[in-house]
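In the two complexes that follow, subunit A is the common piece, with subunit B as its partner first and subunit C second.
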Partner chain A sequence: MFGIMAISFSDIGVALTLAAIGGGLVWLTIRSVKGREVPRRLIFAFVFVAVSLPVLFPITFKERMTPTVKAVFDKIESLPPGSRVLMSFDFDPAMAPEVQPMADAYMRHCLSKGHRVVFMSLWATGQALMTTSLDRVVRREFSQKVNGVDYAVIGYKAGNEGVLNVIVTDIRKMFPTDVNTVPLDSLPIFDGVRSCKDFDLVLTTGGGYPGAKEWVLFVGDPGNVPIASGVAAVTAPLLYPYYPRQILGILGGIKGAAEYEHELVNRYPQFADTPAPGLRMMGPQTLAHLVIMAFIIIGNITYFRSRKKEPV
Partner chain B sequence: MKRTVPLFITFFVGTLLIVSVFLPPVQSMGENFTLFFDIIAVFAFFLGGGNLVRIHLDKVSRRKKDWGYSLVTLFGFFLVLASGLFKIGNAGGIAASVTASGSWFQTIFERVMNPLSSTMYALLAFYVASASYRAFRAKNREATILLIAAFVILLGRTPFGTMITAWIPDSLSALQVPNMAIWIMSSPNLAGQRAIMIGIGLGVVSMSLRVLLGIERTYLGEDKG
Partner chain C sequence: MRRSTIIVLFAVVVLFAVSWFAKASAYNGVQEDYILRGFLVTISAFLTLAVLSFLYADNPFYKFAEHLFVGISAAFWMCMGFWSTIVGNLIPRISSSLSASFKVPYIPSEYVGPFPINWVFFIPVIFGLLLLMRLSSKLGWISRWSLAFIVGTTAGLNFVRYMRSDFIEQISSTFVPLLVEWRGIGSFISDFNLNIAGQFVVMLANWVIFLGVVCGLIYFFFSKEHTGLTGRASRFGIWVLMVTFGASFGYTVMGRVSLLVGRLTFLFSDWLGLIKQ
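This part shows the complex of A and B:
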């Protein structure tokens, strides 16, 4: 009964959202035909409504993996259980809403496939965000996994690409211990691991400097290590020159995260009830994109109207 | 002397790092120099922190405009520094990571830093919408191409793009909006990005050579002749 009520409330919310935005845009279009500019505050108000109402009344869509996302998913799928994956959290709270859903999805996928994952960060803020993800995913959903055996946290190290330049040949030079000052030599997960070259895959999540590009330049290329990345939407276009040879796959922004989450739930039904922030945020993103596009059209109508009025 | 020594250090370290890439016997020396960079980065943190405290203490002591904000900055700085440095309220004690779940440091990060940073970044959406309204106008041919590309990318990054072109048969799948968005990213964008990157690369090489050979000296500070 509650489920039915929740659905109808959500539907009403969605209908109200679309009616409010659609009606408002029609009104603005009529205004623009008369050659009147839209005040900036009105644009802000529309974006606010377009983003906030889908948060209150969730709208979800079905996603289909694009080739760049599929390449990452298939790579993790194809690795035999027990493979070693190095995962780097190179982002800050500003990027976290876009990038952390990818990091969580990577974690779920790798651990459910039985891969052994080492977590690190090149950003000072990355370690704290890593702790959040570890609490949310590893310690809650994979409580049977053992720290030091199935996964390890070596944390943050200052030095940007300098860190990468060293760990590509000797990881213990930069990270002699894990975050809890336990020597790497005493952790079974590091048996036989000397450098990044001993990992089967590097997953970078981020969107700034240092990030996926530095991983390619200092680890992927010199060490011949496969690299896949999940980045903020603004960074994704900058990585295409490295795709698909140097970066085997790219998750770009919330859309990338949503595609990955959708496929993960499809293939692993045990994750059906786990939070999927990427899928949830596609509603606000879709409406925001549509509103921006509508404003571009309205802006052009106003522009051509005003040009007609100008004396030749 | 004040200039010769830094110039010599720059030349020596720079040359060694280049040579270490090509000669395996000196590879470890290159790594050691990179480790020194790690140590220097730690000093940079001290300098940065010291500078922040000096500037804001000065502002507070002189009661300059908005000195109240400086007081908040100093309070936040020392609170986070103390909780991180002395691991105050750390569930796992002194041996555990400073970011151990439940520690004061982690709690401050999650409850203060995280929402504030996310809020600042989220404000971009408002400015992007306003800027798009004003900037994407079909004033000439180039602007029109940019406008069309922006439209395809915006649509392609939403499920709406898939929905409206789902009726197009697979034989013409290149005309589906998501595929058009992918084409824009992987062809024109790729070409442009590569051209820019090659240009930047050449610039970096020439600037690095100027620094190593001592021709470019602006990094040493103001030249008073």
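This part shows the complex of A and C:
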């Protein structure tokens, strides 16, 4: 009746979060202006609060695709249904919070567009995470898709860039069978596929070695195969020199994942209720970054004050 | 052992037991192996908190988590090395009977001759055995043959790829038009809206790439004293490098915060059950 009824428990939590962080920062600024140093443990506690409260009381922001993300989205959109996509899971549990949301979003997008997807990994740890994603996305949300026809799992192969060097000319030399030891020749999805060059797109997810860079060096450039990547934040700046000629698009860190998820939900409303970890993580991200920026300012205030006090 | 240490140790053991019991009770009737699942979630939460406790001070819980991680990683990679490299790559190519016993499909030899085996794959086996000589103090030098082969092969394999992708293609990407195709003053002015496809933004981006690369290279050119025009270009090069490092640092912070969010989500969701994923 008064509009106050619309305020939820989550909204109160968000307001409390912002008040706690804002109040704390003001207190620290006053403290530093007075010339008192901020203890190291207080900074850790502050970051902990700034991250944990938005996790408990989610704050979400609207995302808009940046050109590097849009290029990947548009490429998957523009491929005709039935196109073949090779997707590589080159990451470990340490990178999973950042990279797995991208992999899940790629999976949803490709399969809902009717593309045929082959899943593989250059990291031993990637196979287990691939299985998690397959259970969560493919087998739960796309149960009508048939293994071997609509998608195939060829799994992990040891050899790093050596594997890429071979599959760019002959995929069966490295992967004679899929993970269930079914020969690739008996899988309809591999009809007419001899090498990576027969795929319409390669989607790499990861952020270490071997990763997107090796895919560009050993498959993208020599095989003239379009490569798009979703990488951990620490790797993203190293890949920008390859964009847009050698890598057609990059999802950098959780921000890239959030942008992609937002666009996916916009274009495909059926995914409105599916988990969007990228979007959910942007709240804590934003607040944590604001807090870190505030600490940089507070640190500078303390530094200049201490310099002023020093005898010349 | 100090009294405070005993109290902390006792409190952690009690909390662990309570958490295990509570999680197992929560999973009872919902999940199979609820006692084991309760234990696994509790141990994951304990290890997460143990690692984070280093931020307060170095302590035995952190040391335990660190040693456990290193030990498990070493064991994991040793097992993966055996099952993926030797069983996954080698055995299917050298023996049908061994392949059958390890339940991996045999890959027959393409070689036609008196011995229908992939003899060529015995070379890496020998090199691998030579590599193990590192474990001997007297015969360690023999492993250098394998190392030389590894280094040589990697360098040879990567040289061509890096030359093409990181050298030629990157230089080629730097050759950008400083004056893009002129579409008229109206189009140029309307593109001031910083639309990425706009003529103004494209031209601005190309100038930044050109000046950034040239001035960045001048900064690393030490054969001429950095004074006058060279000095100014070199200073601009430093700014370009600083912006690059700043962008990398920003991304790194984002990555680290993402990991923290991931761990906290686990603690609040899987362990404490405060939020739904």
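To be clear about the criterion, the second predicted complex is superposed on the first by the 305 of 312 C-alpha atoms of A that agree within 3 Å, B and C clash if a C-alpha of one lies under 4 Å from a C-alpha of the other, contacts with A are read in each partner's own complex, and residues count from 1 in each chain.
Here, a residue touches a chain if its C-beta (ideal position, glycine included) is under 8 Å from a C-beta of that chain, and two chains touch if they have at least 3 such contacts.
Since the structure is predicted, the reported quantities are computational estimates derived from the model, not experimental observations.
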- Message: Quick check on the superposed pair: does A:L217 touch subunit B, subunit C, both, or neither? Answer first, second, both or neither.
- Response: second
- Message: Quick check on the superposed pair: does A:A128 touch subunit B, subunit C, both, or neither? Answer first, second, both or neither.
- Response: first
- Task: Could you look at A:F46 and tell me whether it touches subunit B, subunit C, both or neither (first, second, both, neither)?
- Result: first
- Message: If we overlay the two complexes on their shared chain A, which of subunit B and subunit C does A:T169 touch? Say first, second, both or neither.
- Response: first
- Have a look at where A:E141 lands relative to subunit B and subunit C in the superposition and call it first, second, both or neither. neither
- Message: Which partner chains sit in contact with A:D200 here, subunit B, subunit C, both or neither? Use first/second/both/neither.
- Response: neither
- First, second, both or neither for A:N300, with subunit B first and subunit C second: first
- Item | Contacts of A:P241 with subunit B and subunit C, given as first, second, both or neither | both
- Query: Looking at subunit A, which partner touches more of its residues: subunit C or subunit B?
  - Reply: B
- Message: Output check: A:D74 vs subunit B and subunit C. Expected answer is one of first, second, both, neither. What do you get?
- Response: neither
- Message: Identify the residues of subunit A that lie in both the subunit B contact region and the subunit C contact region.
- Response: 44, 47, 51, 67, 94, 96-97, 157-159, 162, 165, 181, 233, 236-237, 241, 253, 255, 285, 288-289, 292
- Which subunit A residues qualify as touching subunit B in the complex? 38, 40, 43-44, 46-48, 51, 61-64, 66-68, 92-97, 125, 127-132, 134-135, 139, 153, 155, 157-160, 162-163, 165-166, 169-170, 173-174, 179-181, 233, 236-238, 240-241, 243, 253, 255, 282, 285-286, 288-293, 295-296, 298-300, 303-304
- Query: Inside the complex, what are the residues of subunit C that reach subunit A?
  - Reply: 55-56, 77, 80-81, 84-85, 88-89, 92, 103-105, 107, 157-158, 161-162, 164-166, 169-170, 172-173, 196, 244, 247-248, 251-255, 257-265, 268, 274-275, 277
- Item | subunit B - residues contacting subunit A, complex | 27, 30-31, 34-35, 37-38, 41-42, 45, 92, 95-97, 99-101, 105-106, 109-110, 113-118, 120-122, 125-126, 128-130, 132-134, 136-139, 147, 150-151, 154-155, 157-160, 162, 178, 182, 185-186, 189-190, 193-194, 197
- Note on the structure: Per the touch rule above, subunit A residues touching subunit C in the complex are 41, 44, 47, 51-52, 55-56, 67, 94, 96-98, 124, 156-159, 161-162, 165, 176-177, 181, 183, 216-218, 220-222, 232-234, 236-237, 241-242, 245-246, 252-255, 275, 277, 281, 284-285, 288-289, 292
